[in-house]
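In the two complexes below, chain A is the common chain; its partner is chain B in one and chain C in the other.
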Partner chain A sequence: MNYKSKTLLLAGISVALILLFLFFDIRGNVEYILTRRSIKIAAIVLTGASIAFSTVVFQTITQNRILTPSILGLDSLYMLINTFIIFVFGSITLTTMDRNIQFIMIVGIMVLFSGVLYKILFKREDQNIYLLLLVGIVLGTFFGSFTSFMEVLIDPNEFQTVQDKMFASFNNINTDVLLLATILIILVSLYFMRFLKYLDVLALGRDNAINLGVDYDKVVKSLLVVVAILISISTALVGPITFLGLLVANLSYEFLKTYKHTYLILGAIFISIIALVGGQFIVEKVFTFSTTLSVIINFVGGLYFIYLLLKENKSW
Partner chain B sequence: MVDIKRVTKRYGSKAVVSDVTVQIEKGKITSFIGPNGAGKSTLLSMISRLIIKDEGEILIEGNDIAKGKGRELAKKISILKQSNNISLRLTVRELVSFGRFPYSQGKLTKEDWKHVDEAIEYMGLEDIQHQYLDQLSGGQRQRAHIAMVIAQDTDYILLDEPLNNLDMKHSVQIMKILRRLADELGKTIIIVIHDINFASVYSDYIVALKDGRVVREGTTNEIINREVLKEIYDMDIAIQNFQNCRFCFYFH
Partner chain C sequence: MKKRYLLIILVLLSIISLFIGVSNITPLDLMNLDDQKVQIFLISRVPRLASILIAGASMSIAGLIMQQLSRNKFVSPTTAGTLDFARLGILVALMLFTSAGILVKMSVAFIFALAGTFLFMKILDRIRFKDSVFIPLVGLMLGNIISSISTFFAYKNDLIQNISSWMMGDFSMILKGQYELIYISLPLLVLAYLYANKFTIAGLGEDFSKNLGLNYRQVVNLGLIIVALITSAVILTVGTIPFLGLIIPNIVSIYQGDHLKNSLAHTAILGSLFVLACDILGRIIIYPYEIPINLTVGVIGSAIFVYLLLRRNKK
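Up next, the complex of A and B:
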């Protein structure tokens, strides 16, 4: 089986799982249930696709298969913003705030943060991308510590709300926010399309890419902006879930065994839809909401990583 | 012709290449020689725009490389660096086909595949063209990378220590191919090379660098002599003529 038919197979499984999720055990008010489930599915597809897509792009730029965009510190920033609001204004403010405004504010702060970070670090023309990662780690850790500091001080009841935000959840998606996120993601994807052809070449490394006529600095900068926007949107929508990206990107490389990024990205997107829809199905039907999707994803993902390490596969 | 005018590159306050002015003739093999840290690779990287120069101008056929468009330059000049760690799982043929990217932007036409086939044939890689790069020996991999550069079909080809880690047989093989590229296809080839005897036997023109400056430049016969080499390497090197080639004995 070649990578094209494998991608088709993944697409088929995704569609099958989505249909199963939509129509499984459908009783009572069909219209209401279908609407509820479609919103969930839409959110899952949207976030799954953004995370998968941005992780593959990020790993190609950094030429590293174990990095995720979370190294840019965006997840920690998300937690910091939420904790800060609760710390200063109380959890009531956060829960009663207009969802649209909250979403736009959080996405805005995250994108602004990335913008400032890039601006400062890419001031010099021949800047090294690893400096960006290093600064990202340092800031991420700083945000994390600051968040813990505030968490220790707040009321235990308030902390419950903070804890809620720590795990990605598809159970309370607001339709308006979802629509807004969809439009934003489509716009960003359209902007990205012109850079798609460069990804295969970027994977050969900076020197080869420049040799083959790619305007490396400009392309990498634009791609990093795309990654930051997508991660911000999906995190603001459901919560921190970037570990999923690491998992699905690597599964896609292992399964498709090609270097063509069009297929690697599609593969990662389908795998992430399969993992999320399948995981959500298990959470709802098997565990009856006694656990969250993040826990399952992190558990399975962790196991897979241990397996990858033990296998000592050198051919990656 | 490549025209390098008063080019300087500094890291911090240390000038790695300072005020270098050299002209490189078309259709010839030019070797950059000199001791470690002389700035040879840096100069080569600046010509190929991998490193941005601090001062000076580099013109390729009268056009400033700093102002040219990346894609157009990639059809004029290509570079192969000494370390090529590609983490992708690629076959030889797939790697070579990347050489056509400046022309096709990833969508290869029949014409592009013809160039790929020719490059593979030129490097004698037909038998292993469907093997993965990580299954090949160092010499085969180096040949595959050179095939990619040939498929790129540029008038100027820059190679940074192309003989690194190769045994004698493969070294000779690669130098002969470079000679053919210059003689048969009229390519201009610039190499950084450590083995002075290979430089002596195969190149037309030699530029000697030391401490970031050009100390000598000239035809091979002008450079390969006792006094000049002493100035470059601080070593007393005996020169012998053998079959119309000059050889340096620097072993003791």
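Up next, the complex of A and C:
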């Protein structure tokens, strides 16, 4: 089976799972249930796709298979913003605030943060992408210190709201915000299309790419901006799922065994949809909501990461 | 900076630290043997100072040993996942033996910290691509994963807020009778000093040190055991203090060089001094409340770390 038919197979499984999720055990008010479920599915597909997509792009830029854009400090920033709002204004404010404004504000702060980070680090002569990541992760710890300080001081009842924010959830998605996020993601993807053709070349490394006539620094900077925006949108929409991207991007490389990014990205997106829809289905029907999907995914993704690190034959 | 100046500042700050706090105690009160004040002094102030000094010194030394053994300036208990492993250990101890005493917790935390540090060293061996910035990145990712596993169990047991308050570095909870575990670090520091030369040689690499007749494995194992013990003792008594083991040894090596026997004492003193200064700062800023050490060191420490990173790359 070549990579094209494998990609088709993944697409088939995704569609089948989505249909199963939509129509499984459907009783009573069909219209209402279908609306609820399709909102959930839309959110899952949207976040799954943008996380998978941005991780593959990010790993190609960094030429490294064990990195994920979530470690740029954005997850910790998201937690800090939410904890801060709850700490200062109380959980009531967070729940009653206009969802659209809240969404735009959080995305805005996160994009602004990555913009400043890029700006500072790319101004220097010696652009080292690992340095960027390390500074990002250190700032993540920095935000984490503030967050845990506030977490300890918060009233335990209020903390429940903080805890809800800690884990990605697809259950209470607001339709307005979903629409807004969809529009934003489509716009960003359209912008990205111009760069799609460069990805296969970028995978060859900086020197080769420059040799082949790619304006490397400019392309990489634009791609990093795309990645930051997508991760911000998906995190602000459902919450942090740090290791999902790592998991699905690597599964996609393993399964498709190709270097063509069009297929790698599609593969990663489908695997991500399969993991999220299938996982959500199992969480709802088998565990009956006793655990959170993102906790399971972080757990599995984390174990897979350690396996990747210890594997003899490493391609990073 | 001369060692004796550092020592003088340390002594001065220690005295200041003893007399700062919500209840106003002056040296005169102690002379007059004011009963209540002497009690507060002995139960709270002195233990606090002792634990600050020991925690600062030992965490910095732990970082220094790790950097020497891994030959990477950016490795420390924070950036190698040791802290996160120790935390996972404490969580496991809390879940399995609900009424566990401090020693059980300490042993489980120690086993986890040691296993985690070995895992990290193992990963280091396998990494072909030894960019010095890449290695702490792997360590921090590993730490993130371990803490997401801790979160998984904590979430299942509804322990998240408990755990985060428990693990947050904070000296205000240090009272007589609850902090003595941290004294375990003292003999370890002596041991580290005795082995300083061997650690320096081990830092030259496995082949080289074997050539010089050193039992490389044994020395490395001893170093890692010291690091794991110190980390778990400090976590259990004080909580996590991020980046301490990273920045202090780096600052010392800028002006002292890398000969361990020379830099050990400096590192220990500067470590204590740094934590003490941060603690005093945290107690003054929002007096009569206080900012936990986790936050002050986290903020100042990450700023210094970023500076060190950028400075290194400028060369």
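In this section, the second predicted complex is superposed on the first by the 296 of 316 C-alpha atoms of A that agree within 3 Å, B and C clash if a C-alpha of one lies under 4 Å from a C-alpha of the other, contacts with A are read in each partner's own complex, and residues count from 1 in each chain.
Basically, a residue touches a chain if its C-beta (ideal position, glycine included) is under 8 Å from a C-beta of that chain, and two chains touch if they have at least 3 such contacts.
In this text the structure is predicted, and so the values were computed from the model without any measurement.
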Determine, under the contact definition given at the top, whether A:V214 touches first (chain B), second (chain C), both, or neither. first
Now for A:N298: first (chain B), second (chain C), both, or neither, which partner does it touch? second
Could you tell me if A:I269 is touching chain B, chain C, both of them or neither one (first, second, both, neither)? neither
Figure out whether A:V226 sits in contact with chain B (first) or chain C (second), or with both, or with neither. neither
A:T141 in the overlay: touching chain B, chain C, both, or neither? Say first, second, both or neither. second
Between chain B and chain C, whom does A:L133 touch in the aligned arrangement: first, second, both, or neither? second
Pick one for A:A52: touches chain B only (first), chain C only (second), both, or neither. neither
Among the partners chain B and chain C, which is in contact with a greater number of residues of chain A? C
Which residues form the common part of the chain A surface touched by chain B and by chain C? 126, 316
For a test of understanding, state which residues of chain A touch chain C in their complex under the given definition. 66-67, 71, 124, 126, 128, 130-131, 133-135, 137-139, 141-142, 144-146, 148-149, 151-152, 154, 156, 159, 163, 166-167, 242-243, 291-292, 295-296, 298-299, 301-303, 305-306, 309-310, 312, 314, 316
Which positions of chain C touch chain A when the two form their complex? 74, 78, 119, 122-123, 126, 128-129, 131, 133-134, 136-138, 140-142, 144-146, 148-149, 151-152, 155-156, 160-161, 164-165, 167-168, 242-243, 291-292, 294-295, 298-299, 302-303, 305-306, 309-310, 313-314
Quick one: in the complex, what on chain B touches chain A? 48-52, 70-75, 78-81, 84-90, 94, 98-99, 101-102, 105-107, 134, 152
Chain B-facing residues of chain A, complex: 63, 65, 125-126, 197, 200-201, 203-208, 210-215, 257-259, 315-316
